[in-house]
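Letters are used for the chains, namely A, B, C and D, taken in the order the chains are written, and counting of residues starts over at 1 for each.
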Amino acid sequence: MRQPLLVVKGLQTHFELRQWGFLRLGSVRALDGVDFTLDAGESAAVVGESGCGKSTLARTLLGIYRPTAGEAWFAGQSLARLQGRALKEYRARVGYVQQDPYGALPPFMTVRRALAEPLIIHGVRGRAERERRIAAALEEVGLGASPEVQESYPHQLSGGQQQRVVIARALLLRPRLIIADEPVSMLDASVRVEILDLLQRVQTEHGIALLYITHDLSTVRHYAQRVMVMYAGRLAEQAPVESLLARPQHPYSEALLAALVDPEAGNADQERQVPQGEPPNLLNPPAGCRFHPRCPKFMAGTCDRKEPPAFEPFSGHLAACWLRRGQ
Amino acid sequence: MTEIPLLEIKDLRLSYATERGPVWAVDGVSLELRRGEALVVLGESGCGKSSLAKTLLRILPRNARPPGGQVWLEGVNVLAFPEERFRREVRWLRMSLVMQAAMNALNPVIRVGEQVAEPLLIHRGWSKSRALKRAAEVFVEVGIAPAFLSRYPHELSGGMRQRAVLAMALIAEPDLVILDEPTSALDVLTQASIMNVLKRIKRERGTSFVLITHDVATSSELADRVALMYAGQVVEEASATTFFRQPAHPYSRLLMAAVPRLHQREKPVGIAGRPPSLLDPPPGCRFAARCPHNSPACAQDPEVIELADRHRVRCWLPVGGGVP
Amino acid sequence: MMLETGADLNRDRAWMRDLRRLALFVGKRLVALVVTVLVGVYLTILIANMGGKVDELRLVQIKTAAAEQIRADPAFHDLPSAEREALMQAQVQLEVDRLRLDEPFIWRSFDYLYQAMRLDLGRAEEMHSDAGSRQVYNIIVERLPATLLLFGTANLLVFFVSVYAALGLSRRYGSKLDRAVIGLAPTSAAPAWFYGIFLILLLAFVVPLFPAGGMVAVPPPDDPWAYAASVLKHLALPVTAMFVAQIFISIYSWRTFFLIHASEDYVEMARAKGLPDRLIEQRYILRPTLSPIVTSFLLMLIGLWSGAIILEQVFNWPGLGTLLFEAIGHRDTPVIIGSVVIFAYLLAATVFLLDFIYAVLDPRVRIEGGRQ
Amino acid sequence: MSQNGRERSPMSPWREGFRRLRRYPSALVGVLIIAGLVGTALYAVLAMPYSEAQKLWRGGEVWYDLPVNASPVWLDRLTGGQAPPTLKVSSRDAVTTTREFENVTIQQLILPFDFYYQQFPSELNLFLEADFTQRQPFVRLAWHTPDGLEIPLGARRIGAAERISISQDQILTRRLGLPPQIGLFAQDQSSGVAPGQSPAVRQGSYQLVLETVHFEPDTEIRAELVAYGRVHGLAGTDHQRRDLLVALLWGTPVALAFGLIAAVGTTVTTLVIAAAGVWYRGWLDAAIQRLTEVNIILPLLPILVMVGTLYSTSIWLMLGVVVALGIFSAGIKMYRAMLLPIREAPYIEAARAYGAGGGRIVLRYMVPRVLPVLIPTFVTLIPTYVFLEASLAVLGLGDPVLPTWGKVLHDAQTQSALYHGFYYWVVGPALLLMLTGLGFAMLGFALDRVFNPRLRNL
């Protein structure tokens, strides 16, 4: 049986808005109670619109933001209590791949220098040892063949190459989890698949768990085993990919799937079903189910009163929607 | 008798002066569009599609050299117009533009309504209140409450801003609206709802569109016709049906195979390599280096071949053995 | 119909909202600025009193002065020395009480602060105003209009000329004129007084067209028109000096600024909309950039207040700068400290003006300035 | 456009920048000027040690043989003039004849010199030194003009060291009807000169004949006649006969050092402080911002004036105050605005994610990002501080012992140099200041265009 690598329970990250450094104006509930587990070597996708809290989730798990409440355990260690050396150690265990590959590399450092940074920080002494590990990592991501890549500055590389360097950097410290936040959304269609393939390959080869954060459901099918749909700081639904695609349980997931098109000839002839309105302001989110103001299946008196817990209509398929209460 | 196309681009060329020499962003592009049609110009970043849009409206950056070729708008070559005549007669009245980043397309210090109504004041000489009233109508049409007319751009959400920019493009009822990546910065649901607005306007008003995008899925949402660009050139131009079902150019086929699809079991396949530099493109077919069908013939510039009515391909392959 | 009235109502409401936000913002800035001035002036007081050390020096001064006075007075000559000593002590004590030198400095520093905030700047040691007052406040206030006249004229000239020239140049990007201005920009490395010296040399001595210094002919003409003409003639050289020192760098930096802004998406959009060039320049380039322009202009002004001192001295212009220079000559400490305080007020006023204009010009500031 | 260079070998952004810089002629001129100034500064420091420069600038006897307010030689030649330089004849080169007469030695000293100039000397002094134990020797002076005329200049006893100001001689002035330095050299005194018209110079060989009477056997007399010229050296002299070249030369290292230290001191600390504030946010950032706001309303020059009047005018104190007040300047706001988006840059977030600490992020990730903008600012700031130092000196708050350009200007100002037509006095230091300003500004502007990313694409 697989060990859960990451256990997240009721995780909340709020941002306080203050005026003049002390007057409290309120707090943005960017991440507001998220539960899930991630097994070692598993790949799970987090899907949602911008501002739904998926990047906040990534940053909280990376230890960049401190959670306001709730807990996350990584390999049995509590994340909230990590300090000093242990936190640094943890950071070596978690790799990070960002959306903008150009921005993710210091523009004034060569590739070699940028890759040496994490090694230096984590005390890899000896230039030769560092060079060896850098070369190996570049080899791994398919950039090893050309030695001049190491001497290049980020702006001299193509988007795909830049993202490969970023992945190499994430692999350098031999992580057990890679968090990839929209790793391909700024790349061209022809390159996207290659980068996703690369991520998938290193993930399976090294048994690394992957948290793949994306707004693009269409890539999910081939590159993740499980999907979590986020809306307004909460998980609306989580399920194995095939199950979610075949039988979405949350109206928000349904809407996402309906809005998404595969390129076909007839698309231009029909309008899509789109829920009205925009995602709520997280400074003051609606009571009850956060999707209820836009929900086509809104049930007055229920959805706007109480927050739906996660029901499990099918095994391993959780949906936070009152509609699934009876199943 | 063939109908006069609404827009006909003939051998359009555009280069930017850079330190290392001219960069040919648009290199001999020919396209045509009939009234009421939507043409999608599809291509990856740096292929010259945005330069094409800017050339059509003649809003080129300072380092651009004067474009070559012709742009015929209902039988008149507007590219030859002097600047002032082009401004008075073509801009916004005949052709309007929706920009990629709506956030930046609105002047931050002027109320949204004034900006949207401005073309009517300038080109039609309407009074401000009349123009604002019209703006309110268009706002409703694209799905924003008219109350937002008196707001400043930063008080609007991203989706609303994009709608406002769309309203601005539609307000003078031009024949042709050029959409440059209108939804790429938006979320899936907002994207779908804006595409719905565009479809409705096309259906109800008969407006023609040129949609410029890198996103194959988005392109299928509006296209009657598709033109695929690669390294400054159009490599294939076809009806949407033909393009999405039986693309002829190897690049088109590889690109279609690289698109991840939700409802398809096969994994997408990437295209190895990267596009050539437009600074000093290789002779011959520009896709040759990445093409699985690369042959010695590809060292020569391929001709544009009309495979069927209004289906053109820039490739040697159909000549050498028909559509493979 | 409904739409129309709705829109109109909305516009009125929008104006009200803007006004309310503006008032709130300005109010907050005013409070913040008062606190800032308070701290700044207090710091000045600390520096001016060497953190209290000045008192010891002053005590010695008082003692010697008292001794001197008693020794000089023939009435006291016959007194026995002990009695003379006591008399001297009493004299010293009187002065110490008056200046409250026996209290800890820290308490008095707050008194000084209170006085400074009330513009009660004390009495000058040596100098006096033309009207004969020894009050530092009067001395300074008498000089203020001259400084304001000189600086107001020069800076407004620089501001308007450079903004319009910059707009024109940004249109003629790359032309010979454009390149000439770029080439001349480094000349602004030298301050105005420096050009002043050259101007005096050339236009007052080599070719005596203008007076070399002063604000008005001596004796001043009685006829107000002749008086104004004379002031204008005296104003010409110093204003030219300030103009020359600032104009090229201003044009250059604003031209660059406009050029950068001309590639903003909304400017491109305005061009695509077919707006005439002039309208684009005014509504889409000048209008959104006006707030940063005003900011940089006023920041420059802050720098120039300092330069005023020497410029005025070089041209013998009877303003605050010359006053400060004279005060240095007389080692008249109260006047020097008073000038510093007044300059601090002027700078604070400049900063406030900046905030206000910024908020009026840029709707984003009104909202975001409130919460960060 | 993503035309990035597969075709060219990787190049560091700095090298790339300097390669671009070469295309700006103004940058080249700027570099040449700066090189010249640095060379001058080095020369000054090496040729004239600090203590000597101070001693020379203190003035006094060191300059006894220089004229007052002489203009530079080149200025006179440039205007086609033939102004005389300072001529000195010493008894060492004199023709001496001695005869004995009743225990008394009578010595005749002839100090000859040629005078072939269009203008009169500015002053005429005779310096006499005599070694004697008890009785002072006696001297009788006679002036021999080229056409053989002899003008007696009186007789007197000689002290151990004496200066005889011939040009100040009231009796002689009355006798000649002209100041002696003119009258003794003028043509045709008998016919008289129309009032308001200056007489012409009589060119030729002059002699000053000293007839000395010694009363002691070993008495030796040394005499030196100085006919002060109207021009001197490269820079001229001031009202205290000091050679301005000393100040102009030594002003260079002082100005450069002041400008450089002040510019480095303010820009670097400002940047690091701004970066730290932006990174750590919270109270640190708030404190920095409030301090900056207070500092903005503190007027720099008046405070410097205050400090200079109350404390000391030492250049080091001034430098300290300038740097202290310069750190929390408007520059902090500028850097803050630049650094705020950088704080949010993905690469910083990545650095945090792989465990980089705050100090490392500030110094290694944030500061280098702004350096390209800092360098031009820094270069253009140098002349600002150079001029600030000059301004202080012009106000009379210059360092009491150092020769600087500003102090020359101050002297010129107080002596109304322009009013008296001593333009060189002002022009020399002003030109040097201007050169410094231009040199650094030209380089700075070119650097700005190369390294400022917002300007690069213009």
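Keep in mind that, in the parts below, a residue touches a chain if its C-beta (ideal position, glycine included) is under 8 Å from a C-beta of that chain, and two chains touch if they have at least 3 such contacts.
Quick caveat, the model's predicted, so the values are computed rather than measured.
Visitor: Hop across touching chains from chain B and tell me the fewest hops that reach chain C.
Guide: 1
Visitor: Given the two chain pairs A-D and C-D, which is bridged by the higher number of C-beta pairs in contact?
Guide: If we tally the contacting C-beta pairs, C-D comes out ahead.
Visitor: Of the chains present, which has its C-alpha mean closest to the combined C-alpha mean?
Guide: Central chain is C.
Visitor: Taking each chain's centre as the mean of its CA atoms, how far is chain A from chain D in angstrom?
Guide: One centre to the other, that is 67 Å.
Visitor: Let me have the rounded angstrom distance from the C-alpha centre of chain C over to the C-alpha centre of chain D, please.
Guide: 31
Visitor: Any idea how many Å lie between the Cα centroids of chain A and chain C?
Guide: 54
Visitor: Give me the residues of chain A that touch two or more other chains.
Guide: In chain A, the residues touching two or more other chains are 158-159.
Visitor: Multi-chain contacts only, two chains or more: what residues does chain B have there?
Guide: Counting only residues that touch two or more other chains, chain B contributes 45, 62.
Visitor: What are the residues of chain C that contact at least two other chains?
Guide: Residues 173, 263 of chain C each touch two or more of the other chains.
Visitor: Going by the contact rule set out above, which residues of chain B touch chain C in the complex?
Guide: Residues in contact with chain C: 54, 57, 59, 61-62, 87-88, 90-93, 96-97, 99, 101, 104-111, 113, 118-119, 122-123, 129, 132-133, 136-137, 146-147, 149-152, 154-155, 165, 168.
Visitor: Looking at the complex, which residues from chain C come into contact with chain B?
Guide: Residues 3-4, 6-8, 10-11, 13-14, 173, 263-266, 268-276, 279, 283-284, 287-288, 361-364, 367 of chain C touch chain B in their complex.
Visitor: In the complex, go through chain B and note every residue touching chain A.
Guide: Within the complex, chain B contacts chain A at residues 38, 44-45, 157, 159, 187-193, 195-196, 199-200, 214-217, 219-224, 240-241, 243-245, 254-256, 258-264, 267-272, 274.
Visitor: For the complex, give me every residue of chain D touching chain C.
Guide: Counting only chain D, the residues touching chain C are 26, 30, 290, 293-303, 305-311, 330, 380, 383-384, 387, 391, 394-397, 409, 413, 418-419, 421, 423, 426-427, 430, 433-434, 437-438, 440-442, 444-445, 454-455, 457-458.
Visitor: Would you pull the chain D residues touching chain A in the complex into a rising list?
Guide: 2, 4-6, 9-10, 12-13, 282-283, 286, 345-347, 349-357, 360, 365, 368-369, 371
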